[in-house]
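Here the chain labels run A, B, C and D in written order, and each chain numbers its own residues starting at 1.
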Amino acid sequence: MRRWIKFVGLAFTTLTGLACLVIVAMLAIILGNIAINGWSILSWEFISGKPRAGMTEGGIFPAIFGTVVLVLLMTLAVIPLGVAAAIYLHEYARQGSKLVHVVRLALANLAGVPAIVFGLFGLGFFIKFVGAGMDHAFFGGALAFGQPGILWAALTLAVLTLPTVVVATEEALRAVPLSYREVAYAAGATRWQVVRHVVLPQSVAGILTGTILAVSRGAGEVAPIMFTGAAYYLPYLPKKLNDQFMELGYHIYVMTTQSPDVEATKPILYATVFVLLVLTFALNFLAVLIRSRIRRRLRTA
Amino acid sequence: MDRPPNERLLLKGKRRIIETLLETAVRSSAFVVIGALVLIFVFVAKEALPLFTSADVHKEVTLWTMVRPQENGEFVWQPVSEKPKYSILPLAVGTLKVTLVALLIAIPLAILAAIFTSEFAPQLLRELIKPVVELLAGIPSVVIGFFALMVVATWLQDAFGFVFRLNAITAGIGLSLAVIPIVYTVAEDALSAVPQAFRDASTALGANQWQTAWRVVLPAAMPGVFAACVLGFGRAFGETMIVLLASGNAAMMSFDPRESFRSFSATIAAELGEVVYGSPHYHVLFFIGAFLFVITFFLNLAGHWYVDRLRARLEGKLKA
Amino acid sequence: MSTILEVRNFSAWYGHYSALSDITLEVLDHEILGIIGPAGCGKTTFLRSLNRLNDLVPDFRVEGSIGFWGVDIYRQDVDLAALRRKLGMVFAVPVPLPGTILENLRLGSRLNNRKADAGALVEKTLRAAYLWDEVKDRLHQSAFALSGGQQQRLCLARTLMLEPDVLLLDEPCSGLDPISTAKIEEALVELKRELTIILVTNNVMQASRVADRTAFFLQGRVVEFGLTQQIFVNPKEKETYEYVSGRFG
Amino acid sequence: MSTSADALDSQKTAAEVKIRVRNLDAYYGSFHALKNINLDIPSRAITSIVGPSGCGKSTLLRCFNRMSDGIRGFRVKGEIRLDGGDILGRGVELTQLRKRVGMVFQRPNPFPLSVFENVVYGPRVHGEENSRLADLVEKSLRATDLWDDLKDRLGQNALSLSAEQQQRLCISRLLAVEPEVLLMDEPCSALDPFATSRIEVLMQELKQDYTIIIVTHNMQQASRASDYCGFMWLGELVEFADTPTIFTKPRNPRTEGYVTGRFG
């Protein structure tokens, strides 16, 4: 009996370990495959050049540029909003109140809305409603903002990443011990003073890391920008907020599905995927770097 | 020595303006969150509404014709043709087919891995596995789709000789990669939320680790694990890019996972770009979007409800 | 002596759980009031009701009134920040904030927007907390580098920086060694000249050593309240006798 | 001041020794939590261990069933013998050790399962046959005076019971695996005075059949409820003797200072 109990235990433990191994292997295979096939094609010309010959040759600079600008705009929009919402939820609101409950429910649901629905929303709300409204009010009906553009794409992505930013920020706020807040409140601090003098200095590292991670998730999303601003091919870089733009993820999708000659595009495609992965993971590394930097500063202080 | 009652010091005078301003700003940002969700539904539903109200649209398509067999008794999705056909059943079958395949792979893997991390793995390994899953979650879905299309499809075809290179199995494997992180994370949270006291009690009774995991921790965390499955389902159901790239995009009415298919989300992505603004086709696509929203909304509510239940159970507020 | 705090028919609940019921007592200016009772008897809840710190706890609700210099502190228009500066609090576990010793002390003066006499005040409060000699040369070191007993005295000093009228102490010596305990007790007896002290303690002997008057709490009620001498030597209630003689708790 | 191993070995003890501790040291990483502990725990008696928080009394208790084994950086040196058999060795089957040496925790920790499932958990884990389970449940619940209250609601979730009932259930759950030693880590700290005294009565009943070791911060509980008492201070066992001696004529001034409430 005792031997049987031991055997079943060992089998069960091994099974769970194997599951972990399979997941790790999946990740390794994907990253390995892309790195090996993508690295050999990578060159300065590829990174800095424009696509040529129906995108079977040339570089991807416009797509890189578009991605970076898109992510920056999105970050500018989402971080203040997300951090403020998290501070409200965690520091201001009375825990257990109806409003907090509803906001949390909304966040959880927002996080579960399919990316493609965000695309529809961006088209319906930002372009057809806000943009067209602006055109009507400021541009005398001429088409300016009532069409796909980088601003709308960035705002759509900002709504998509909002829940992740809030959750990441809240996690950082939660890491600040309750006793610190109690000390400050007991010393007669107002809510804002508690946030400003105690909570934020203690959690800024966590907030930065969390939000950058959240933003890197947004950087790779394609479905929301398909109808809100991304373009197949553009001979110029976006200069105004209502310009269309090329984007890496979308570029990958276009090349995979619309290429006249799949085999000819394949090496370029691999290299593009590689660049997109490097960009997303670079953001991750940046987050880790900032975190360790701030931690070190706090330790020496 | 007696200090006078100092009402003036104790009672609120004029509140500091900055304090009030900041509080208002912070509070309104919370309303933006609620507003965003409401606006999404309103603006997607608004564009779907003509399907129910507009006589022009009804000449071409109604809700009824979308689910009923067409003249020849078949179910066909062919919106761009001389006589557009809008049967959504092939899309429904395709979506369910790929979701099922993805969940069959993702749920066992993710839950077993979550058990391993929360119960058996030594600290060092645990800190290794979490970033791996985080990294997996960080891979853009278009990259997973690309990988499924370029690599997985070829491997599977070589190994099993599928007639259709792109099919529900290929797409399902790709999709499972997107589902694993969410199922894993939610399940792992639930397992870790089980108080150490339960594990201590079990260990002190002479149970070994797997008995503790299987008989105490897992039952205690069950609502959370169930929530993980529900949320995973929601994620698989709405995922776009992976399916768009690896499904073959043929709207066939077939339950065979080895055949090509097309899902709801991929249909929107593939067709909205070329559709005429305000046409019946345009409204139908928004209708599908609203449908996706509603389904995932309720799945999320359900998931959330189970997480609450888990909390109630662990706090002892739930009767057996 | 005059009454500084006047508690009338005060009850408190966490959700449906009744933590305090019908407490009535008054605190005199410049006394040390000891509050004793077994774990879960409501003594900490009572203390945290006096500076309304329990307002931070969701579902916390009160009835009755607490008058502070004649003003009911549960009135809607009370400025909580101002109230809490008048009633300073020290917690059971020492909670130094990350930062130097000086930064910890300045938390109070910063909140009061007062910088002028901060330096003099720092020395005064550190002396009052019996800590000056131990830290005067390392005010710029991290507060975490101090020992547990020193940290708790720093927390006491930090609270004194607010120049409060009342000092609320929540089992301030529960984790400390006998020497630190003795130092804190000595400090309290000195401080009594300048302010009023309410001392919640799980150590019955501590109350008998330092408190002028003592209240014995049991299951959310005041069982007995009177001069410390009388509570310990000649208690009126059977439960009081059983508790102070250590029959339970 | 702590008793040396040789002195203990040469000493003639009246009672039969259940657990023998020799030169025991324990570390959490670099923190020296237990310092050269020597101790004989008498069989079928209640031994209490008192001391201020952080003195190592819980750490010592957790050595007897090796509950701290899983903690990172935790190490022990020395010797603990249960009925003469070494329990710190590598080859010791922990599940069997813990079956013999059961533990009751500070906070009642029944599983979020039914009362019945809670009691039969241990026997099931040790491969007990299903046919015996119902008997075991009744026997164990009777031993803690829970049977009459709960016999009609064995299916109820254990977390909905009162704190005292939960703690009793935890003891029943333990008795169902038929242990020899009961370790109790401040078992009454979450209970009110009346429940506390009832649990103390229960302990007196149980000591007829079991060796009980109780860790408590409540001196009065130790003086009331235990036959032997050890006082710990900063990881050392300062003094160990029969309870009346510790409370009326302690040899060590630190013991005296603590039991009279000078600090703690």
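Structure notes:
The rule is short, and it goes like this: contacts are C-beta pairs under 8 Å (C-beta built on N, C-alpha and C of every residue); 3 or more make two chains touch, one makes a residue touch a chain.
None of the values given here were measured: they were computed from a predicted structure.
Between the interfaces A-B and A-C, more contacting C-beta pairs are found at A-B.
Farthest chain from chain D (centres taken as the mean of C-alpha atoms): A.
One inter-chain figure worth recording: chain A and chain B are separated by 17 Å, centre to centre, where each centre is the mean of the chain's CA atoms.
Separating the CA-averaged centres of chain B and chain C is a span of 51 Å. Centre-to-centre separation between chain A and chain C, using Cα means, comes to 48 Å.
For chain A, residues touching at least two other chains, in rising order: 5, 190. Of all residues in chain C, those that touch two or more other chains are 82-83, 86.
Chain C contributes residues 38-40, 174-178, 181, 203-206, 219, 242, 246-249 to its touches with chain D in the complex. Here chain A touches chain C in the complex through residues 94-97, 177, 179-190, 193, 197-198, 201-202, 298, 301, going by the rule given at the top.
The part of chain D that touches chain B in the complex is made up of residues 65, 67, 70, 72, 94-99, 102-103, 105, 107, 109-114, 121-122, 124-126, 155-157, 159-160, 170, 173-174, 177.
Of all residues in chain B, only 16, 18-19, 22-23, 25-27, 29-30, 32-34, 36-37, 39-40, 43-44, 46-47, 108-113, 115-117, 119-121, 129, 132-147, 149-151, 177, 180, 184, 208-211, 213-214, 231, 234-235, 237-241, 244-245, 265, 268-269, 272-273, 285-286, 289, 292-293, 296-297, 299-301, 303-304 touch chain A in the complex they form. By the touch criterion given at the top, residues 123, 195, 197-198, 200-208, 211, 215-216, 219-220, 313-320 of chain B touch chain D in their complex.
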